[in-house]
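In the part that follows, the structures are each spelled out as structure tokens.
In what follows, chain A forms one complex with chain B and a second complex with chain C.
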Partner chain A sequence: MNVESVLSENGLTLTISIWGEFNFMVLNEFRAAYNNDTARSAKNIIIDLRKTETIDSSALGMLLNMQRSLKKSNREIRIINCNEVVKRIFAITHFDKKFVIE
Partner chain B sequence: MKKILVVDDLEPNRILLRKMLLALNDYEVVEAVNGREAVEKFREEKPDLVLMDIMMPDGDGFEAASEIKSRTIAEYTPIIFLTALSAESALSQALASGGDDFISKPFNVDILKAKINAHLRIRELNQQLNENNILLAELNNKLENEHELIEHFFDSTIEQSFLDENIIRYSMSSLSTFNGDVLFVQRSPTGSIYLIIGDFTGHGLTAAMGTLPVAVIFFKMVEENMPVADIATEINSQLHKLMPHGMFLVATLIELDVQAKVMSVWAGGMPSSYHLSASGELMGVIHSQHMPLGILSDDEFDSSVQYFEVSENDRFYFCSDGIVESKNSAGELFGERRLKEILLATETQQRFDNLLQALDEFTGEGTPNDDVTFVELTCPAKILPIAEAVNSDTMVCWKFSIVLTEKEIQSLNPVKNLIDILVAMPHISRHKNILHIILSELYCNSLEHSILNINSGNKQDEDSFADYYQQRQNGIQTLADTTMQFDFSTLFIEDNYYLKMELSDSGCGFKFAESENDGTLLHGRGLAIIRDLCEQLQFSEDGRSVKILYKI
Partner chain C sequence: MMLIKELMSKFYIKAALAWVLTILASIIILKEVNDEVRWLVVMLITGVSLFWTVLFIQRPEKIENSLPDEVVPGKQPLPEKIQAYFTSLISFSRQEIPPLIKSMKQINDVVLDANSTLHQSFNGLAENAGKQGRLLQDIISKLHTDNGTSNDFIFDKFTKDTATVLEHYVELSLNVSDKGIEAANKVQDMMVHLDEMFELLQSVKYIADQTGMLALNASIEAARAGEAGKGFAVVANEVKKLSEQSVKLNDAIHNNVNLSRKSLEETNEIVGKIASLEMLDVLDAKDNLDNMIVDLNHVSESVLDSLQTSSTVATAIQNDVSQAVMALQYEDMVSQLNVHVKSWLQSFESDIASMESLLTESDVSVIVTAMNELLNKKISQGIALQSAVSSSSVDEGDVDLF
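What follows is the complex of A and B.
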């Protein structure tokens, strides 16, 4: 399993972590992580990339898809623990303007 | 056999005493004829008791007695004066010179026997006492050495710890470490703060021994950014294997993710920890949920973790059971309730000191709180920078080529295999992540567009996005006579080293017109990324060949 999602004790924050390579190989797992009732009821979504070694342009597409899918409810999506390279990719592609990247 | 030294200048007296002594017991008797000879004989023969005449030519009995006594401070050797003097002044002088007793002439056998036996008995007791003292001193030395060893170990592990006083304040006596208390704090590469506080069952060296594997596992896994559930699992597994039955570690293990403001906690057997907001409000109590570490086998172990949301400047209080189990003079326990009341009743800045002071007052002044470990953790506003190692090697030029056919392309992850080969080359490993991205984009571009001829304009919404990758998967399965050739080499241009990568494929090429993307389209981002990460990006052969230069 390369995608893991955990709900906080108070049920408000859903944290999705991606292990290893974040690309189309985890497309279905990633979709399953946000495409469910638990995710829809969470107020905040955190994408934790601490265990993500590398991402590619397909991952950017997957993040956009997620944002669109969850857009209806007004919740915040934050991307955290990006390594320097991942941060650089987000900056190059201006993702830092569309997501909260910490 | 006891040895008795008889000192008298008159031979008849010596003969008489020798006969009497031999009649009393199987003593070994040695003789001296004056005070000077008495001192010599004493040194040579080391007798157990001395019978000493007082009035003798060439060194009287008083002088000889004080000389002998000055040499035998550590060991009690009784000196009994033999005297015809009855004047009280002479007797007191005899005792003052170091004598232990006296026997009046003429000798009475019963008195002689009683006094000799009494003094030899005292000497024996004294010898035993000395032996015990020596043994005790040895044990004490050993214990002190053990203490030093453990202190040294703890000092060096604490040095490894991350102890920024704006974030961590702790109180931990060296004796509590000897009692098996554990406290390690470390930052991970992404800036999370990890902490383990715990207490081994048992005391002394054995308890402290267990902290060694805990320290090794903790620091290594924090360096790898592992989640607390994994760290707890590993520590439990090692302790379960290593520790004798019945010895275990009660512990709370936390990761404070400073970025996400989330704290994950694995708590097994420790007293509750408290979470207070910056303004002193009680945000939550962290209760222990698990068995202590080292008891359960790997299959039985429960690594589930509690998550807490955290705000900037929130404070957490962790303590060992030493605090709640502290007793006052009436035998009353300090208790969790008192702990919580004090924490909630005091100002943020003074809370840490106030609690320790309250504990001192409770147990009574002068009673050391030897078994107490107490920690305050403050959630920092942002991640603190971690210094990066700088690496300057000399450069060597090299080149190599790799050809992938449909067989490799159908394998699970050819890009990862290529990267693994590439980073084995000199000077490449520190660029691994960026090169991985570049190579992955180049590979996908060539495979999806030139070889498989899929239109990325199809990636318009979530479902067609998934279809696109389904098409790709299907396409890969039916590939035939396909090649992708990678040429890697290093170049030296104007004082700089570059990695050159060329990729040529057997496909039909693709139109490399710059796609317009305002950031909302689901495609067309790959080339922008490559262009930004590389010094140069160049297509040729109608898009069947691509070349990049990357500065290393």
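What follows is the complex of A and C.
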């Protein structure tokens, strides 16, 4: 289990956390975390990368696919607790213009 | 002034004494003579007094004028030894002066020649230094762009291009990953569908098996019915065959779907590899690019510095050369001096000729006077020459050639 999704008590915010390496190995788990009714009903989606060590381009692809998948409902997707390397990767790929990075 | 005063006072004392004596003598004489000759005596006394006065007033001038008279010797011929000395001096001068004049001409020629060569060389040097300076200025102005940054000319385009290439690469890899993940998701969906198909196939197999069992039961029941069940036994047999074919077909479909699933798994793996690019490499590339830009900026700055220094040096060379060219005007001075010295030597030659003719003069005093005149003339010529030399030096001012 490398991906964990937790819905807030009021049911408004879904927080998805990824452990270790955020790469192609967690593709199905990550997709499962947002591709469900619970996620679709949540108002805010938070991707918590506190436990994430590294990411590769597939993680970026997954985030873009997730954004496209959840776009219709016009909700905010925030990526929080990024380490320095991950922050730099988001900067170089202009992800900071596509997502709210904190 | 004191001396003249002293002299004057002495003469006045003498004059006064003469007057007193004359007047005393006059009084004694006037007492002795009668009235008839008295006016003659008065006139005589007045005349004597006037004589004294004139004598004493004229006295100082007379002293001065009389001085040369005391030292001027009588008419004498020039002593033979001195004449011989002069003759040898004259012949020596005659011998030495023409080569000197020739040497002066040679000096002049050599200086003019060397000077024209130097002029050419310096002009060439000045021209080349000027070219070099302009070239350097041209490069510097190219390096300096309108916005004042120095790198645009050589490096900025290169770094910008490199950054664009990196940007493109990032964009491309992001796009590939995006599409790859999308494809992987579709593959995943398809696998779910295939798994559902397996379940369906399982159901189909179950139905076929059940149909087979039903056919078997039907053929048993048909056999028990005897002759009447014969037709039904044929149908049951056909149904059994159909169910067997169904099972075979189901197995074949199962196998094919299984192969598809394996292919999809492989596809998933391949797509995963395509979509998974190491982002740290991109970061390294970006770091390298940033460092390269910093390095290139340093190189560019130092190149610019060097160019500017070189340009300053080129300008300095040009200034030095133009100063040197200015200094070459000493040629005029040398020519002038040459002319002066030559004319001096030539006049000296004619002086020698007149000196030679003087030696035949019988009176030494005439020789001395003429010699003195010649000497004075030479001295004044020498002063003129000296002033010509010094004025030439002053004209050149700060040029330290002499």
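Keep in mind that, in the parts below, the second predicted complex is superposed on the first by the 102 of 102 C-alpha atoms of A that agree within 3 Å, B and C clash if a C-alpha of one lies under 4 Å from a C-alpha of the other, contacts with A are read in each partner's own complex, and residues count from 1 in each chain.
As a working rule, contacts are C-beta pairs under 8 Å (C-beta built on N, C-alpha and C of every residue); 3 or more make two chains touch, one makes a residue touch a chain.
Quantities reported herein were computed from a predicted structural model and do not represent experimental measurements.
Bringing the complexes onto one copy of chain A puts chain B in a clash with chain C.
In the superposed model, A:Phe24 makes contact with both chain B and chain C. Within the superposed three-chain model, A:Ser41 lies out of touch with both chain B and chain C [touch as defined at top]. After overlaying the two complexes on the shared chain, residue contacts for A:Asn81 are found with chain B alone; chain C is out of touch. In the superposition on chain A, contact of A:Ile89 is made with both chain B and chain C.
Of the two partner chains, chain B and chain C are each touched by A:Leu60. Between chain B and chain C, it is B that contacts the larger number of residues in chain A.
Contacts of A:Lys97 after superposition on the shared chain: chain B is touched, whereas chain C is not. Clashing C-alpha atoms with chain B after superposition occur in a single stretch of chain C, namely 272-280 (options considered: 20-28, 92-100, 128-136 or 272-280).
In the superposition on the C-alpha atoms of chain A, the part of chain A touched by chain B in one complex and by chain C in the other spans residues 23-24, 27-28, 31, 54-58, 60-62, 64-65, 85, 88-89, 92-93. Of all residues in chain A, only 23-24, 27-28, 31, 54-58, 60-62, 64-65, 85, 88-89, 92-93 touch chain C in the complex they form.
Listing the residues of chain A that touch chain B in their complex gives 6-10, 12-13, 15, 21, 23-25, 27-28, 31, 46, 48, 50-51, 53-58, 60-62, 64-65, 68-69, 78, 80-81, 83-86, 88-89, 92-95, 97-98, 102.
Chain C contributes residues 170, 173-174, 176-182, 184-185, 188, 272-273, 275-280, 282-283, 286 to its touches with chain A in the complex.
Looking at the complex, you find that chain B touches chain A at residues 190, 192, 225, 257, 259-260, 262, 306-309, 413, 416, 433-434, 436-437, 440-441, 444, 459, 461-462, 465-466, 469, 472, 519-520, 522-523, 525-526, 528-529, 532-533.
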